[in-house]
Amino acid sequence: MQPFTVRIQHEGFDCGAEIARLSGNPACGAVVSFSGLVRDYGDRQNIAALELEHYPGMTEKSLYAIIEQARQRWQLQAATIIHRVGRLALGEAIVLVVTASSHRKDAFAAAEFLMDFLKTEAPFWKKEIQQDGSVHWVEAKASDQHAAGRWQ
Amino acid sequence: MQPFTVRIQHEGFDCGAEIARLSGNPACGAVVSFSGLVRDYGDRQNIAALELEHYPGMTEKSLYAIIEQARQRWQLQAATIIHRVGRLALGEAIVLVVTASSHRKDAFAAAEFLMDFLKTEAPFWKKEIQQDGSVHWVEAKASDQHAAGRWQ
Amino acid sequence: MKLDMLYFARLKDSFGMATEQLETEAASVDELLTELRQRGGHWSSELAAGKAFRVARNQELVRLDATLSDGDEIAIFPPVTGG
Amino acid sequence: MKLDMLYFARLKDSFGMATEQLETEAASVDELLTELRQRGGHWSSELAAGKAFRVARNQELVRLDATLSDGDEIAIFPPVTGG
């Protein structure tokens, strides 16, 4: 098994299978997952779908770099980041982060760290598509910058 | 859907199905899961299995009380705690906590809080069964007491 | 009065029993423990003052000064180790 | 020298292009931005000094004083909003 994986893809993913994949190591007692889903509100209300754009090449590079940083801070046996691009309907999963460690605190901290950096460093951009068809680029959140800042 | 669920059971569970069950709410953008697995070491080395005992009645009561505390602290739309009892072989899942919120910080914090309290408040006891057949009750960890203490 | 006593995990093994019905005049958990210690052997060593154990009355953790009533379910057990 | 320019998200929409090859003598990102602003319209408004945008050189985020070399891939984009 490749313990540290980054995947950018249009198609959906199977959360349970990804968690199971990282649960096979007999030294790992703790597996944490985060799933981010398309909500019905964001910058605007009545969201019907998101459209996700990214910067191919740089995205993968920056995500592997973020995992590398996490490995330097915490005892981490494995990690998976899957981020979807293209059009995603309400309720669909956008992103999955899974971390596996011998220690639950490390698994939790690394997963949260990866998400905070994903939100502020990885070159993805979201467009909200409302039920009436209007389309707006999502603005970056000060709260995400703040969340990422607390790890520094 | 019953948004707040506690289950104590002998049989295994399907992590992906439990996460999917909490991913249906269009207001919930964030779902965090924690899976705790039987490791090959604990208080002793070469662990082959665990045997889990609990206090029926009090267990469910204390877990619902812990969820109630979490709901008072964080914006939490749904949470599931599944804890297995009986004999669990190496690599099997012992416990699953899933939390769903509109905000990822809340989902992360609530899941970690539930786990910390599960480790220090819920009446479960683990017995380690080593490969050579010897059996020992696991001692409570000071680190778990410390982890639970930081929420107070 | 009568108490429904429950013992779990290592204490169940040490005491050689999981449950018993106890006839006692102990007014508090503290007094009940003193009475149990008088049985000697594992009862006095496992329930010694410095030892880490927990007491639940009717399925809620209580302190040593908690009072007792007829019919209470009293559980004594080691610190928990689940999760 | 030649630069491979990439624009993403709102900037791609504003500029009406996703990529271009640019012939320039700009020695730094700062000088490059000055040159782009001289195109006027959305170029001057989106890249104005107070505006939040990011610049990557060969797929790594850089500051305004980063130097440029022939063949560099320079991407300009709004703050990211993935995850």
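A, B, C and D are the chain letters, set down in written order, and residue numbers restart from 1 in every chain.
Going forward, a contact is a pair of C-beta atoms (placed from the backbone, for glycine too) under 8 Å apart; a residue touches a chain by one contact, two chains touch by 3 or more.
No experiment lies behind these values; they were computed from the predicted model shown.
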| item | value |
| --- | --- |
| Set of chains adjacent to chain B and to chain D | A |
| Separation of mean Cα positions, chain D and chain C [Å, integer] | 72 |
| Chain B-chain C separation of Cα centroids, rounded to whole Å | 26 |
| Distance from chain C to chain A - Cα centre to Cα centre, in angstrom | 48 |
| Interface hub residues of chain A, defined as touching at least two other chains | 36, 115 |
| Numbers and ranges of chain D residues touching at least 2 other chains | none |
| Touch relationships between chains, expressed as pairs | A-B, A-D, B-C |
| Chain C - residues contacting chain B, complex | 6, 8-10, 13, 52, 56, 59-61, 75, 77-83 |
| Contact set on chain B toward chain A in their complex | 14-17, 19-20, 23-24, 26-41, 90-91, 93, 102, 104-105, 107-108, 111-112, 115, 147 |
| Contact set on chain B toward chain C in their complex | 36, 52-55, 57-58, 61-62, 83, 94-95, 115, 118-127, 137-141, 144 |
